[in-house]
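To keep things clear, I will list the structure first and then write my remarks on it.
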């Protein structure tokens, strides 16, 4: 089974880099938008019997990118693809993994169901919001991690008095992983009921006074969580030399402005989603090209990718 | 089983009108868009054990409206809805009903598959692009027709020397139905190879000279088909008093300007999709409120709706 | 994966020809009919792990041939076939692709559902009644076309004053394809409401006076459509030297007699269905052997078959 | 949910009798056969939201009757039937319940799969060839028994010196049930290896000398099994006053002639399949009307039908 | 649809209490264990057309209880149950919700898949290990909470200087809910990397010195987590008057001895699983009878149960 | 695709023997039991893209072994196994293949459904209780037979005056197969109604007086059937030199004591299930190692295994 790499329109530069790394050309694929917004797509080369990898994060605009991926899968399936894998460096709707109130959708499960309904046989994702998402998928989900790459990127920034900071409780396991790689202690910013009153305030677990924080999270969306964490850290006496590392830099709304207003020395994130235009952040982009190319190559040649997985 | 009407955001005025006609309140439903474009929705009232009708055309922006419908279906299903029907006055992707070239998606089938995957048990649609779409759906599809309503709207416009015109071959069966209701002859504009040369030109079957054309189609998208048909009709000597009737007025891109440049006396269409802002067309909107309310009421009370169907 | 060709009983000569062309022997297969009409079948050779192609049109008697195909698929699947493709040169029930009245079955969808339920993973068909049938199938459908072969067969018959004739509106796209290959103009016979009266009469679009018609259609069933078209053509002054080309020669009921009564010079059709006994028509049979063998070989070796497809 | 009874064409008299017993009219249903053998059917009355029972044995011609049932199910499902049950007084392909050699189909499972694929939600059957067929169906199968009715029919024939005879090993459990109801002993005719030689001959277990045999079986197909059993019984000294009872009288090929040549005093069978024309047997037909009407009424009103089931 | 309550053998006292509360008798059901350990079960009363609730936690021995539930579902489904809901006060395998290493099963998803495969249409659970489990189920999952009941039980124990303690990070959200109901502050015991060294030690967030801890968790399995938390709390100077509240008291292995060795004043848990024999703990059992009876009654009568759900 | 053999814990010695025969190492796999009885398993080597055979009889404790198999399948599937086959030398729940009374489960079908739901694509079994079980499985079931091996083992025991004995009617076909291989006659012990009275007593068909019986059955569970058959045989004057051959030696409860009390000269059975401890029977174990290794090798290399199948 030969290898084919097909790029959706959500992150063509990353797809092109992966293909180059793998030494293959991207399968040419026409993707048009009709005047009414419907997509029309046509593969320009045969994928019959091939091992096809569709590179498409479901980043914003999430619905357009998701439907495009589903249409690509349908086209590949009908064109006789031998094996069909979606490579989704960023998986949207991952935070809707439960009904927080009543009578809501479980968006992450719906997305998993739609992906399988389109004929995809396997999904590759990077640093999911929650590892439990694996159980939402009936098809195998390969959950890769960019944490080792990002930790390497941050290594030059840290000193003996740095501290890895989880900006909320959901990021504690992630912080532990960074701390283990960088040999640093961990602190946690979290909202907790400090007295019997109804108010929940942000407190910090762990020592931050006089230390330089390295805030880590799975994604930066509007930057509000980071903003609040920094305020808490500063109030607790941390050094105003703060680093920020996240796998996915969505940077929606006024996230860039919000982050520019912080004493952020450095920011690192992967290229899982396209950079927003007019980026003025001190952002170091860590390319996923090598990681994803390695994962695809091993999947294609049926070799283990355990050491690339998020639980490794 | 009690009746619940839930409105998506694609056409709330129509949903509200239907609910009013049925004498029920719309089930309150919160639909938020997060900063990253993901939708969050929550039904504000119980639908447990109820017969739920989701009113949502998949009109542009088609992907947003489609995902919203799928999320609504998931929410209703998990909230214990007794029966779950999508009422889609306009069904997007209906024209992608085959692979026109090679290696394309069959978009209409994909949409049908996704709708079923979300838990919808039945779909109600109006004047589909092709009646064969019924076979794309595994769940029952009730294919209603607004043609009788539109024909009534056009009746005052026509005289003894009017002629119903199909602007292309795909609209011939539709033209026949209008002609039967209005007791008029039919003419067909179509591209056909008139000689052995490779060129296909528009010709007309039927008599149009000196007659006032009533052009009929299932939808008006960019208006280009209508524009070309009118040019052909005028060249063939028709009277420059042209009427236009279509079920769905998408009017995307510069459709309004294009139509305003034609000798169109009157246009009639349903309110299956929201009117675009700044409408300056002589457009008579034929409300679907009564038709859809009647269909829902009969489905809810398990009475026949044969006389409302497109094949009636 | 090695290649296996299994023949049902619907068209064994064609299956044998295909196998010979491919240089393989038909997989011996016992097909018995029990006294009560039930079929019993047993493959006489292993198909374990093989790429199996079942050659079986669902031609009349359609139910017997369809069940036989489903039973063959079940037998192959349970015997460990590696990949299972039905090659159906003629697909029955294709005209029941919608509910024409109310409360009917959508026969074509039911057949598609049954084929998938039996374990078939892919279907190859030839000149379907409607290209939209592709959307009825969840498994990939390869829609081949015999039109280029049939046009070659008809090429010696045509002269500069020939005209390709679609005997009804459903055949217009087909006529266009023949006309393009033969560099001829097109005319269309169709029923249309010529006045406001309820009557629909057959008229002709395009020039036929003094021309020699070449009638084209996807199938000849009872011959009634062709008979009516010829009457209309003759009344319009065509030359009484008429050719007839169709992909599928079902020729049921008194079709042969009916056609013999016409001024038909020549008829061409494929061998998708077995010839009826006592054939006395001037019928030129265009063998599908090479087309189907090429399609199977390319599918088997995972090469593109775009240029064999109906939309090519 | 109101009750609807729809009759296929396989046994309309039985369907009419059931409907009469239930005090409802058969739902009018047009069933046409097109010239090419395809069926076209249309329900003439609404079944929307109704509890629909399709009466159709899959008796010979089994493929025609089976496809008709599947098409009826599809039509009812798309027409909005609330609940859909197939009542199959005789179930064809029931004997193909295993692969007897290699590389065969498991026909009974295929039929069960097709029935479910058509949308049927429940199947009612009578005296199946094997009770294990229940496990072939994913939908609930109600396995009714006509044995009590047939035993009543045979009661006047038997005397103190009668013996119930199973004509082969497969009928032993059935014979036990008859014997229990009629207070008679059982004998079994079966082929068994009586010595080390390869030959298997028919022997008899139990006392038959001087007794009047009542042969019982689930169906009479060609009559060959009965013929052989009678020869064995006579050779063993039974009285030449033989009765024969079977649930299903297929009587295919020359079964009638074969049975007429035997010393059969009386034959009893149900009307599960239509009687073959020219019946000259001393056949007492035991109507299934009351049994099936009772089963339908209880299913319709959700009452237990345990005492009607085959294992009762 | 009438109501039926069927009890598996995992917790018959609770099932009986629920039925009594609902004013119905348990549907008698024979559950035998064959000598080889296989279960045989038979409902002794009809459930045809009824709204059936199967009461069965998948508590230890988890495989026996799970298979019994699946067999009960199969039996009810085949016996014509109108609607089929599993009420699982405790859901086993809930902690296997991800692949922690490589090449593991996702046990929670497998269980969800098996439950749906058996025909269950809805699951009711209480205080799941993780709310994300909802997304593992394709059928609706009603996630009830016993937290309000348990908080009421603990209310008499607490004073102004009590503190709610989460014994690990996974219990923080649960602790917040208890704290909100009891108007108490929260403290968290968690393992965290306190320095750059590889060792992770237990620390405490929040004030516990001089306070009386109320430890809360979703389940008590071996008691080891509680034991470790208490050691940490005591070392941090808490008062040795400790309360313990958990939804599920599995108490496997030497959990009882382990807990008896602690300065536990009081323990509260629900009766979701049967009490282990020889219970000597100061255990206050909070009955789920009223909660589950209310949930069943509302589901049965299609009323909202939002205020009973875990996210309320 | 390379071969991987994974052993569950139900019969590791057999799995090891099979792997040795095939010249491969067992894929190391950690199988732990948590204190609450839940299983945790982790494959220690990659199975990505491999042809995986899971060796696991569902012998007692049947529920533990079945769930372990399902978890193993889930783990292999998610780890990217290329093809996934369960090798179940003994298949539990096989006797629950029908509803014997009313409102029971069809346990064998449930097991088949669960196996498919876990992602298994094929099942290999040995000497099933009934060949009709094949139809319960949607995935292909390869039904192997150990009868030839067991007959070889018994050949030294038999003399010209031996007789093969089926201890009940269900074993007659099996007895015929042994008799054919050993050139012996057959006798059948069965309960039958010998008079009109309600009592059913055991009788014998065939000659046993003065002969040495070789009792054959598919499995020995408690030994009660064998015990009763021996009593009947002795009463009928057989020689007290009795042999016993069965495919599966479950030997539950006091089976060993019961058999030791009989005049059994020799017993032969396969090692499909682990021997119970303290075995004191004159039991000759016939290893399945070669049979199962041959089947796996042929499946792996896509060669026919017809001659190994039970119907051969």
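Each chain carries a letter (A, B, C, D, E and F) given by its place in the written order, and its residues are counted from 1.
What we mean here is this: contacts are C-beta pairs under 8 Å (C-beta built on N, C-alpha and C of every residue); 3 or more make two chains touch, one makes a residue touch a chain.
All values reported here derive from a predicted model rather than from experimental measurement.
A.B. asks: Where the contacts of subunit A and subunit B overlap, which chains show up?
C.D. replies: Where subunit A and subunit B share a partner, that partner set is C, E.
A.B. asks: Interface overlap for subunit A and subunit C, more than half of numbers shared or less than half: same or different?
C.D. replies: Mostly different residues.
A.B. asks: If you average the CA coordinates per chain, which chain's centre is most distant from that of subunit E?
C.D. replies: C
A.B. asks: Please determine the option from A-E, C-F or A-B whose contacts repeat those of D-F, over half of the contact pairs being identical by residue number.
C.D. replies: Interface equivalent to D-F, from the options A-E, C-F or A-B: A-E.
A.B. asks: Taking the mean of the CA coordinates per chain, how far is subunit C from subunit D in Å?
C.D. replies: Distance between chain centres, rounded to whole Å: 39 Å.
A.B. asks: How many Å are there between the centre of subunit A and the centre of subunit D, using C-alpha atoms for each centre?
C.D. replies: 62
A.B. asks: Give, as an integer number of Å, the spacing between the C-alpha centres of subunit D and subunit B.
C.D. replies: 50
A.B. asks: Name the residues of subunit D that each touch 2 or more other chains.
C.D. replies: Those would be 46, 78-79, 99, 101-103, 106, 109, 113, 134, 304, 306.
A.B. asks: Thinking of each chain as a vertex joined to the chains it touches, would you call that graph a line, ring, star, complete, or other?
C.D. replies: other
A.B. asks: All pairs of touching chains?
C.D. replies: All chain pairs meeting the touch criterion are A-B, A-C, A-E, A-F, B-C, B-D, B-E, C-D, C-F, D-E, D-F, E-F.
A.B. asks: Where on subunit D is subunit B touching in the complex?
C.D. replies: The contact residues of subunit D facing subunit B are 46, 48-50, 77-80, 82.
A.B. asks: Quick check on the complex: what are the subunit F residues that touch subunit E?
C.D. replies: 35-44, 46-47, 60-64, 66-67, 70-72, 74-76, 78-79, 92-93, 95-96, 99, 101-107, 109-110, 113-114, 117-118, 221-222, 250, 252-253
A.B. asks: If you look only at subunit A, which of its residues touch subunit E in the complex?
C.D. replies: Where subunit A meets subunit E, its residues are 97-103, 106, 108-109, 112-113, 130-136, 138, 143, 160, 169, 172, 176, 179-180, 182-186, 188, 190, 192-198, 200, 203, 205-207, 304, 306, 309, 311-312.
A.B. asks: What residues on subunit D touch subunit E, complex-wise?
C.D. replies: Listed in rising order, the residues are 122, 134, 140-141, 298-299, 301-306.
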